[in-house]
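Look at the two complexes coming up: chain A is in both, with chain B in one and chain C in the other.
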Partner chain A sequence: MIDRIRTLLAQNPMIPIDFGALSDNANLYDAGLTSFASVQMMLAIEEEFDIEFPEQMLTRRTFSSIASIAAAISELTAEQV
Partner chain B sequence: MDAKTFDAKTLLDSLFDNGILFESGVDGLYGRSGTFEEVIERFEGIVLKVGGPDKATRIHFPPGMARAALEKTGYMKSFPQLAGCVHSFMGDERDHARLLGMMESGEDWTQMQEATEVAMTPAACYPLYPTVARQGPVPAEGLLYELSSYCFRHEPSKDPARMQLFRQREYIQIGTAVQVQAFQKSWMERGRRIVEDLDLPCEIEVANDPFFGRTGKMMANSQRDQALKFELLIPVTSIEKPTACLSFNNHQDHFGQSWGIRFADGTSCHSGCVGFGLERVALALFRHHGPDVATWPVKVRHALWGA
Partner chain C sequence: MNVMGKISNPLALSPADCTADRMARVAAIAADAVDAVDREGRFPQEAANALRHERLLGVAIPAEFGGEGLGTAAIADLVVQLAQACGSSAMVYAMHQIQVSSLATHGVTSEWHRAFMRRVADEQLLLASATSEAGIGGNLRNSICAVEVADGRFSLTKDATVISYGANADAILATARRAPDAAHSDQIMVVIPADANRSLERKSVWDTLGMRGTCSDGFLLTAAGEATQIFPKPFSEIAAQSMLASSHIYWAATWFGIAADAFARAQAFVKAAARKQPNVTPPGALRLSEAAAKLQEMKGHLVAAIHRFEAAQQDDDDLSSIGFAAEINALKVASSEKAAEVVRIAMLITGILGYKNGTPFSVGRHLRDVTSAAVMISNDRILANTSTLLLMSRFDTSLGS
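This part shows the complex of A and B:
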């Protein structure tokens, strides 16, 4: 799942971050993720994994690292990270 | 205006009955009485006096701004539901005849109009950023502006505190993150003091902007998590949901990045603003002190009229 997230995000021109240089736990906001880009990220993930994040998951924390995104997806899809 | 009854419709009716506001036929667009305007002018006088020592550069922008500037600032990403773009008829005689025919038969004639390069100003500081960007590098001590503008937001409502066209007076600090934080803190203190001198109950709370849709929910959560926006709330049409009459905003480097507003060394500037919702403050005063300004408490009259 991690690889799928990385590929998806790296392909998105609206998210100008070098994911290849970041570990799974690296803070994406520290790496320059803007609020606008995090919204683009959320929409791309919802489409890719066919999920809809409930309101309580639409927080800065959920999208703060690749690992936390993967944890949120697995919570919604019951798929193992 | 019974201070015990707090609801939007009662307040609006009372404002009409007392000749303080005048109906226009559209919710959120009202005429203002001379007295209402005088209260606003006097309140602005207080704000200017409090902000005066800071020696801000004063600019008054019209209620319309360059549509391209609104687009570049990302307004349509965050608040598409509030934006208003001005449209005009640009056709020839034949198109004009068609337009009149459509009006006559009750069809939607507005499709005969095209977007102009003008958008309604949504907040007093929006036209400022391109103006600052044009001036070149920002000096190390930062820049401070004092602005005033009529603003438009498309949110028709029977709540008199939610007008579609209303005035904001703003102070804007452009500078470092530290300068903007100090500016925000200083105005939260000064704003509270101004409102308390007017004998209005108030509280300051962390807030978020009304970002659009589910994605907006995430923007709003992020804004709250970082405590970037505070509002000074006064009960106007509801005690449970008091009205934001002043707001204190830290934009971080959002506008600095969007507009390339930088220091001489190339780092993006941060910005922050304090906005005074002038009609809302006036409404709060009429709501709490009554329709007749002559009977307002001595303390309040003294603060506003100096006697």
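This part shows the complex of A and C:
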């Protein structure tokens, strides 16, 4: 799933971050993720995985790293990371 | 613990202990100077001195660091009180309190910032902020300048297009990129006291329609100091967890206070007319009730936002949620628009005596001051940001029962 997320985000022109240079646990906000880009990221993930993030998951922490995004997706899809 | 003891002991509760009484004395002084401050576009020095004298600059510092530990609601009330006397003084006080909230929220884990909080409380330091910068177009979460840190020291040069009351502040909290090779949004905030390690070169003068006393001149800020003056948390967290909410709440409190004073003047006008002709309903009475309803809406929104913030402060996830940011953004836009509407109605009610300066019913200054509300961080920019957030966030319809 990590690879799927990486591929998805890397090809999104609205998210100007070099994911190749980041570890799974690297803080995306420190890497320059803006609130606008984070929303673009959420929309792309919802579309790709056919999920909808509930309100309580829409926090900074959920989208702070590739690993935490993967954890949130698996929680919603009950899929293994 | 001491606070509880104080409240339960009536002997200890002298008038000097009541913050509302202390602010009432400041407001009286600010009101005497307001016309001169507005006309000359000068810093409200009398009000600033009075705030120091009444020790109201450190009230939001936690008690363990020498302050009085007042929360958001209490501070917002003080801002409203002062805004009814002088909009510029209230905005200066509001902006100071926004900086204090960053310190109180994000400075407790750092030795340097704890010591600085003690200084703010002991010496009643006035804090300003340098977030705007030439070339970034007003986006708080974006810096061009960067701190350079070496051997435990930092240096920074910032072309700050606006530092409100920068020349009058005892310290400036400035944002910058973490390092020369960091991304534009990878920012830190650093406390820069007004000492020999800092220089301010004025680049532009604040000559504006309203809020003239905030003296929001542009400066070239050059500073050096200990690297420990940099907040331990990244600015992105400070912005999301304390600055966003405290800014919009204290600004809204300022605009509410200005609108409330304009309303009071309109009410006095209608009352005077009713006294002269007891059998005739003054034509302005209808508009007065319209203005009262809008003022009530402002108050309701502000109170709800304060409750929302105080609840969210218990929960970092809630505080940094998209829903919270969207709600707090809405407060800024709604209250800035509403304040202008209330003052405009007050102008219609008071007529030529309201339009004219120097009458008991003058509301020209109020109208000019609240006009700043829609442009200090443009409402259009905030609406655009919020509309992005609303792609994800759902509206919370619960009434909080």
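Everything that follows uses one rule, which is that the second predicted complex is superposed on the first by the 81 of 81 C-alpha atoms of A that agree within 3 Å, B and C clash if a C-alpha of one lies under 4 Å from a C-alpha of the other, contacts with A are read in each partner's own complex, and residues count from 1 in each chain.
Keep in mind that, in the parts below, a contact is a pair of C-beta atoms (placed from the backbone, for glycine too) under 8 Å apart; a residue touches a chain by one contact, two chains touch by 3 or more.
The structure displayed is predicted, hence computed values, not measured ones.
*Asks:* Chain A superposed: clash or fit between chain B and chain C?
*Replies:* Here chain B and chain C cannot both sit on chain A without a clash.
*Asks:* Looking at the overlay, does A:51 come into contact with chain B only (first), chain C only (second), both, or neither?
*Replies:* A:51 sits against neither chain B nor chain C.
*Asks:* In the overlaid three-chain picture, which partner chain does A:42 touch, first (chain B) or second (chain C), both, or neither?
*Replies:* After superposing on A, A:42 lies in contact with both chain B and chain C.
*Asks:* By the touch definition at the top of the document, which applies to A:32: first (chain B), second (chain C), both, or neither?
*Replies:* The second partner, chain C, only.
*Asks:* Residues of chain A touched by chain B versus by chain C: which partner has the larger set?
*Replies:* If we count touched residues of chain A for both partners, the winner is C.
*Asks:* Considering only the touch criterion stated at the top, classify A:59 as touching first (chain B), second (chain C), both, or neither.
*Replies:* Both chain B and chain C are touched by A:59.
*Asks:* Could you point to the stretch of chain C, among 8-16, 80-88, 116-124 or 224-232, that collides with chain B in the superposition?
*Replies:* 80-88
*Asks:* Please write out, lowest number first, the residues of chain A touched by both chain B and chain C across the two complexes.
*Replies:* 34-36, 39, 42-43, 55, 58-61
*Asks:* So in the complex, which bits of chain C are touching chain A?
*Replies:* Spelled out, the residues of chain C in touch with chain A are 141, 183-186, 234, 236-237, 240, 316-318, 320-323, 325, 385, 388-389, 391-394, 396.
*Asks:* Which part of chain A faces chain C closely enough to touch in the complex?
*Replies:* Contacts found on chain A: 29-36, 39, 42-43, 53, 55-56, 58-61.
*Asks:* With touch defined as at the start, can you tell me which chain B residues reach chain A in the complex?
*Replies:* Residues of chain B touching chain A: 74, 77, 214-215, 217-219, 221-223, 225-226, 257.
*Asks:* Which stretch or stretches of chain A touch chain B in the complex?
*Replies:* Within the complex, chain A contacts chain B at residues 34-36, 38-39, 42-43, 55, 58-61, 63.
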